[in-house]
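Quick heads-up: structures coming right below.
Here come two complexes built around chain A, the first alongside chain B, the second alongside chain C.
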Partner chain A sequence: MEKQPHKAIKLIDLKKHYGDNQVLKGINLEIDYGQVVCIIGGSGSGKSTMLRCINFLEQYNGGEVQINGKLLGYGSDAQGNLQLAPSHITQNDLSEVCMVFQQFNLWPHMSVLENVMSPLLRVHKLNKQAAREKALSVLEKVDMAHKIDAYPGQLSGGQQQRVAIARSLGTDPKIMLFDEPTSALDPELVGEVLKVMKSLANDGMTMVIVTHEMGFAAQVSDKVVFLAKGLIEEQGDPTTLFTQPKSDNLKSFLSTWSERNSGIV
Partner chain B sequence: MDLNLFITYWPMLLKGLIYTLYVCSVGIIIALIGGLILHLISRLKIPFIGLLYATYLTIFRGTPLLVQVYLMYYGGPFVGVELSAEQVGILGLGLYGSAYFAEIYRSGFASIPKGHIEAAYDLGYSHRQILFSIQFPQMLGLIIPPGINQTIILIKESAILSIITVPELTTAAVTMSTQTFSVIEPYLFLAVAYWAITFLVAKIGQWCENRATIHLVRS
Partner chain C sequence: MLDFSVVLKYSDSLLNGLWTTAWISLLSILIGFVLGIILCLGRLSSHSVIQYSCRFYISAIRGAPLLVQLAIVFYFLPYWGINIPPIAAAIIALSLNTAAFQAEILRGGFQVIPNGQKETAWSYGYSAWQRFRYIELPQVLRNTLPSLTNETIDIIKNSALISTIAVTDLMRITQTYSSTTYRPIEFFVSAGLLYLLLTSCISVLGRHLEARLTPH
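Entry: the complex of A and B
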């Protein structure tokens, strides 16, 4: 991957609260292009919220989210105060960032092919032929080209998630965010989705993945970030982080996970 | 039962039937469009819109159709609004139905998972594109059952328009009854006629529902 002048994602003192509930208390994080970063942490630690702030599905209350060196969602006025940016500007900045959701969020009234083609036709203004070819090629990539006429309701969770990944891929994102992409899946379907994600990582896609799949995180990620109570408590390369955790929170988080995984609990 | 009565009265009954179909069709089309407009307006983030919407709903859902058309037809002239019985009938059904349909649309839109809209927003869809390509098609499938229900209710309620002398089906049957002193024949006919119309509407609704929810079939 060629050297990029900017960080893919830069979070500076990112804060977000719902009413009195401070969910993110000042997150600082830098992610390079081509990096795969896994975000782990207990429920309520703010990991999904952080991801949603990166993509501006949530408005954050303080700090900055920069994508490719560009402040996202807000602009400064003459006094230097942050102002909510017009949504079309935000959308423009967002075009290189795509989210894959826990609940897949395929549109149920469209077939697999239509789901993938729709954004290409409507947002990227490809003609029908080009959109179809593009859709077929990304569906091939996730091994779903044999199901193009099926509706999402006729597919397994794993298949739906692979189509959702294809739908995102079709728009040529530079950064992909995954919000617990395998958490809604039956255990035997997790593997096929992780396999697709692994191949994306090998292709050099910049990925930020909120996940509970520690094995997967250890295998593919360049960096693992542990979130607790709205703050980054620990981060580092997966081997160090998983084998020599420093903070008590991470230690107990990892031991709970390994106990559950070995079937003791 | 004297079926010979129908030899004399069938032209009048048929005319009434056609008139009922006409008044109901136009009234319900107004209600469908009016309800949608009402709902879309209620979503605008403008002060007092919510209050206005709630007021409309309270008035038209909270009072009987009979009272509404009575006020419009007999009370209208006192405030300078003079409408024919037919106009009041159609408008009455339309305004009354709009209130119900607006809520049906609202429930339809509300049943679409938020994630479907987020996904579209994330992929760069504009609000307009989300409305037309994600929300409308799903909403239409969802509102067919309650929509058909409401349509059937409105058709039956249209019998009330006989009170303000709209020459529809019920008016025809009542006229037949008073002129011939018969009860069974005209009212049984009336019952069968309304049943036939609503049965047909239900069947059409079922067909539409099957078509609109074709994607929900499970393998």
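Entry: the complex of A and C
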């Protein structure tokens, strides 16, 4: 991948609270283009909130989120004070960022093909023929081309998630965010989704993945970030982080995880 | 003895009345649907003045008899110097009435759409209008169709009240002939059957549409 002048994502002292509940207490993180970063941590550590701030599904309260060097969600008024930017400007700044959700969020009244085509027709203004070709090619990539006329309700969770990934891919994102993409899946369906994600990682996609799949995180990520209580407690390459955890929180997090899995594997 | 042959003698007039009932009701349903969507969006608006105005309107309409609303439209508009034919008054009153009911039906339809679907649309860059048009409305229509069919049937039946403001609908014609021929039972039974015919058509149509809109 060619050298980009800006970081794909830069978080500077990112803060977010709901009422009195401080969920993110100052996150600093830089992610390069082409990097795969997995975010791990216990529930309530703020990992999903952090991801949702990167996509501005949550308005953050302090610090900065920069996408490709540009401040996200806010702009300066005439006096130089920061103001919430109009929604369509924020959407435009996010045009190369796509989110894959835990609950897939396919639109249930559209077939598989229509789900993938819809953003291409409505937002990217492709003509029908071009949108269809594009949709078919990305559905091929996630191995769902045989189900184009099915409706989301007729698909397994794993198939729905693969369609959701295809829908993202259709819009040619530079950055893909995954919010616990396999957490809502039956165990036997997790593999097919991880396989697709792995092939994206191999293709050089910039990916930020909130996940509980430690094995997957160890295999594909360039960097693993461990969040605890709204702060980054530890980060580094997966081998070091998983084999030589420094903080007590991470040690106990990893041992809980391996205990839970040792009985099965 | 019952003698339905007298009804047949006036069947042309009755069918004319049925036609009047049908088109006035259906036109009112359509106008009411458009107003209902606007009311419903107002009711769901975060702007408190808009939200409470819509709430007030819906409660007021739902809480007062249609007959009263008809009378108000029919008698008050001329009072303000606006002269309109009875048919127009009937359509206005029925539309304003059904708008409130449809707004509540639609509100239920909008509220059951999971937030995640709307977030997804936003994150793909859909404008508020596109999200409404392509993501929400089709699902709302599909999910509320049974209730909207019901409301259409209700309006057809309630439209009998417009006979009180001199619209020659099915009910008005039935009343006229039942008193001139002294055959109320024959005429009212026939009118009942004609209303039933019309409402049955609507419910068949509704079910047909439902089947077409449901993908699986």
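Keep this in mind: the second predicted complex is superposed on the first by the 260 of 265 C-alpha atoms of A that agree within 3 Å, B and C clash if a C-alpha of one lies under 4 Å from a C-alpha of the other, contacts with A are read in each partner's own complex, and residues count from 1 in each chain.
The criterion applied here is as follows: contacts are C-beta pairs under 8 Å (C-beta built on N, C-alpha and C of every residue); 3 or more make two chains touch, one makes a residue touch a chain.
Keep in mind that this is a model prediction, so the values were computed, not measured.
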| item | value |
| --- | --- |
| Chain A as common anchor, with chain B and chain C clashing or fitting | clash |
| First, second, both or neither for A:160, with chain B first and chain C second | neither |
| Partner chain in contact with A:109 - chain B first, chain C second, else both or neither | both |
| Interface residues of chain A shared between complexes with chain B and chain C | 55, 57, 88, 91, 94-95, 98-99, 101, 103, 105, 107-109, 111, 118-119, 122-123, 151, 153-154, 171 |
| Chain C residues touching chain A - in the complex, by the definition given at the top | 114, 116-117, 119-128, 130, 134-135, 138-139, 142, 215-216 |
| Footprint of chain C on chain A - complex, ascending | 55, 57, 87-88, 91-92, 94-95, 97-99, 101, 103, 105, 107-109, 111, 118-119, 122-123, 151, 153-154, 171 |
| For the chain A and chain B complex, residues of the former touching the latter | 55, 57, 88, 91, 94-95, 98-99, 101, 103, 105-111, 118-119, 122-124, 150-154, 164, 167-168, 171 |
| Residue ranges of chain B in contact with chain A within the complex | 113, 115-116, 118-126, 129, 133-134, 137-138, 141, 214-219 |
